[in-house]
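The letters A, B, C, D, E and F name the chains in turn, as written, and every chain counts its residues from 1.
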């Protein structure tokens, strides 16, 4: 089940062999290709569950590059990105972190939800994201010059981030940016139908609920219903669960505990599944 | 008494061999089965002591899957979930954490009171809870692809959580949700009678006290009396302790130190054990 | 002087061979026996120095069970309770913590001043305090099923705890509770006379001072004079120290630095030792 | 790709063999040379992306000195600068940190964004920046006297630093200072045209957008568009991306998420790319 | 100069062979002897530099017991008191901390400025300070029963402690207390003359300054001039320094940086050294 | 370049072989000699860059004692002062910290900017600074009695310290104090001329600027221009840099980023270099 990286190809486990399902929306595929041609560092901005991760997987597959992904978090230290010394039978041995692995051997490195990492951690990417394209491993005493195929991509959700969790201007200025949103109704219906294995009419009903929920963001909902949640709802309905039970389980209760918002969401479900 | 995991079956200690006592309330068993059929990640919501843990044990037994349980806490680090390097006579050796153990070998992994863990820790479950179903062990340099039988279940109590302790929207959207509450009086009476080994009349008296206490939540009580506490009360009464002494010991004093709430609880006990 | 635990009986050092002096107040001995018969987890509530620790020692002796005691503090981690890997000539070796020792081999485990530990640490006792009676050693990969003789007892002082230091409802609901207070004047006099080796008249004078001091809690004194302090006072008087000097040293100055409270305590001493 | 430092020349990896592209603005090159002649410690002040790092690379190349660069961050400890003991097959072995490496063997040491490091960390540079020019390695028990070629250079951005992140007066007084700003329109046009490989007319249009954006700093923008961002924009336009799409991707969205500021930036782009 | 502890007598370095100079004030020597006879734990309260440490040294010498002293601080952990595992050529080896050393072999253990340690650290002394007189070494799995000669003494300064730094009532109640203050003028003059080697008249002048300074505590001075400072002043005057210069150096400037308080102190010096 | 300490003289690297340039101001040299004769602990108070460090170097040279200097910081732990166990091929080995090194072998130990260290760390110096003159190495189990030549000197700047960073009264009272300020104009002119190698007239102009800047402390400047900065300015002017350019680089911009203060400083420069 698990895939340890062989010495001969340290990135073997990170290669994507099957084409991920991705439905392009506007020109984002071409723009990414232009950016990759010059190895420009990229920010993918957009709400939860709108397809940013799937997009970068798709592009890595299309470009034939391995993809090293990290879910950022506040505990993440520079050493978690860059590597550390491990103790061995023969003393200490250097272990490349994911960022170093990608930079050294030429992968796309994807830092998911980069603003979750502390600003202090993310400064280690600075020398990789300007003309130097190098990564100093201070604790090892080595300067890694990035592989020509290496590119850095980060993502974040500008919607509910507090000011305290933002990229520093000096980090942000090192990236070009692509903006994502939930697909329009036609495209989202097509995606939900395909992924959940349901017909387009049912998918369109579910998309209607989601679009209503996204308007509730003005009323205190952190996030609307995502495409991913619609796929869950569709799968359970296909499986025989009553539509309202499925929506209750995968859309309404999954989204919030607030009584008022729960009532508003249930009205939406009732409207689309009368 | 203890059960070290043999190499031949690393999940042996986590298999449930005797059917746990569980009294289904509504359609939750069928809904869980649908969710498990598609390995949808699940949230179990509900108050303390209403039976969420018992339910997941019951479902694991019914589905014949091992159950790896973790009581979350704020000290829990990503390494506590995922694993770490341990020092050995021959140097460092990787030790799978409980989440990795479950993902690699195909258990249900149950994170009890997930909101107690920091939001930063819980992002490690992201790649396991979308289409990728994989767990990157960054510190080992391995990508674990989840076993087909693996499912992730988490629980929490929406009642007394502060806003500071909530799941992040981007985590929450990865789950379908089932909601639990204390059972209705008839079912709870049946459970208390069965578990404490007392007759239904006495069980009904105790359930009366509990239902009254749950109404006190508006008056500042964090939680009402749980089913588990009623079982303790019943056991001591069966054992010869006077009902009021047993209620004082297992219900009233166990629940609060506040003089006003103590008086209100004692009135409830007096009303049901005149 | 010290007693390392032999391999043959890992709890040998924790057995209580001499009957501790304990003067029962009401029905607490019988109630404890009922609770122990069903291994109900127990909270002992009451003010500092009223005899909670002595009581649990007495019960452990009476029931013939070893007693493993831990003074809780905020630095205490889950590993301090459960155990950790230690480095050995042959690599790492697992070392059971006190809670694991008690659970594995069948002792009463007593967590003194449990609210001093962080709520996050105390969640590790959850699986030991419901029907599962097990302790997962996540870092070792072992599930310890509690020995049939194992019981968990915790204590705390509800008097001067701030709201920030309280048990979480989900922890608290797992316990039955016994409440303690300072003994009434007759019993306390008997205890002080016995323990300090003084006559009952002198002991009664000291008890009078203590009872007065406990009324000062309304005026800002954190705690009144405890039985233990009276015993100190009695010992020094028996030893030839003038009563007022002894009270000044063991009761007044030991209790507070506040000038107003010091004056009030000295008035009490003057009143009982005219 | 990577360049481990050979024992024969521990600074080999830090030598700059190709002349970095740098377009002098005023007398900064001569002033740096004067400062280096006396090894005066230097502060480079100026906004993000205006060329401070490129300047120090250029000067290191011009002076024929190796350059050891550190991106400062709040996690950086004194040991990260100075060095630490590492465990080896033969016990512990001292590993010089980057500052020690530079001081011992005679490099220019460049601490980028020095105010990101805690003030407490930066006091280790004090004995290197007065007449003593020495570095005590307290944990090793060695006093390193700086190599005659060693110089310390630090940079920071006075624009958006909070008062909390400032150099201590006792640190600051040890440095002479050079101030940088974005180059004037003519010079910046020349740089953008050269670096992006575009003609001067297009470069001038881009510079116009940048100059407008820098005026928005009064309206809440943390930083204006930097020269580096203009180069990104030019590269993509040269590559066939429509100018407005390129500006949207590399200038507008990359700079901010604020709707009002986004609108203002788009007006600037429209004005220069009608 | 240094005295490593030989295996044959682990407390050899802690024995006091020469009688410390101590000038008894009231009955404190007899009261200490009574307390030690019953091994009562003792608090010594009083202002900085009034002689608490000297007193406990004197009593240890008088009683012929070794004295193990610890200056408490906020970083002090339970392990610093109790001991820890150290790594050895043959694996880990237990190292008794100072408290364990004293308890195991029978020294007086003196925790200087106990309120500087966190309340959480100090709970480890609880089982040593009640009838149990034992110290559980949880991490070693050993219960140390205190040596019959062991006594615990702590000190603190009630004057300028904030409420946040106070002993917990449950800790404090375990101690009897002796209160110290600066000696009266006659005794202090005698001490200063003896220790500084000056005549009584000069000593009396210095004591006059100190007594005046102690009255300034109402005007914002944290502490008055201590006996120790007077001895410094006397030594320098005996050595030929002009009295006003000596007072400026050892009394005035040493005590405060506040201009108003400095002026007030200088007036005091002028008044006594006209 | 570096000087590892030979076993034969562990303080060899800390001996000062060339007389440091120091221009005495008032009687500070004689007062220091008196203090050293009795090994009184000393505080040197005064603003940044006024010569405290140079003075202690000068005194160490004059007295023929080695000087062990530490720049204090908030990360500094007691172990950084006192020493620690290091892992060796044969297990752990004790490594004396700088304070222990100085105390054991008889150096002057100089803690520069002592208030930067936490108050908790500095309590370790208490037993070295009273009559005991000893240093307990708790973690080693050794009591070091200070060498007869050992003296402790600390420095700090009372000007811009917040109340939070102050010495505790119980620490402060252990020291005599010498106060420093910038030298008067004549002396400072002489120093600047000597150190920068410029004539007295130019030095006097620079001193004029500095004296003006020190008056700006009332208007928000943290510190005025120090003697050290004037030396930098003089060196560059001697080297051919125009006086105003040199002052801009070494005095004005080096001192502040505040536009109003920058303007005020430039007026001062203009006034003295018309």
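The rule we apply is simple: a contact is a pair of C-beta atoms (placed from the backbone, for glycine too) under 8 Å apart; a residue touches a chain by one contact, two chains touch by 3 or more.
Note that the coordinates shown come from a computational prediction; the quantities given were computed from them, not determined experimentally.
> Tell me which chains count as touching both subunit B and subunit E.
Per touch definition, common to subunit B and subunit E: C.
> Could you tell me the distance, in whole angstrom, between the mean C-alpha positions of subunit D and subunit F?
Computed value for the inter-centroid distance: 30 Å.
> When the C-alpha atoms of subunit C and subunit D are each averaged to a single point, how far apart are the two points in Å?
60
> Whole-Å distance, subunit D centre to subunit E centre, using C-alpha means?
52
> Would you kindly tell me how far, in whole Å, the mean C-alpha position of subunit E lies from that of subunit C?
30
> Would you mind listing the residues of subunit D that make contact with two or more other chains?
87, 90
> Have a look at which chains touch which and call the overall pattern line, ring, star, complete or other.
Shape = ring; chains linked end to end, path closes on itself.
> Quick one: what's the order of chains around the ring if we set off from subunit B and go to subunit C first?
B, C, E, F, D, A
> Mind listing the subunit F positions that touch subunit D in their complex?
Touching subunit D from subunit F are residues 1-5, 13-14, 48-49, 53-54, 69-75, 80, 86-90, 95-98, 101, 112-113, 116, 157, 160, 222-223, 226, 228-229, 232, 235-236, 239-241, 245, 249-250, 253-255, 257.
> What does subunit F use to touch subunit E in their complex?
Residues of subunit F touching subunit E: 27, 31, 34-35, 37-38, 40, 43, 45, 77-78, 85, 87, 90-92, 104, 118-121, 123-124, 126-127, 130-132, 136, 138-139, 141-147, 158, 169-170, 172-179.
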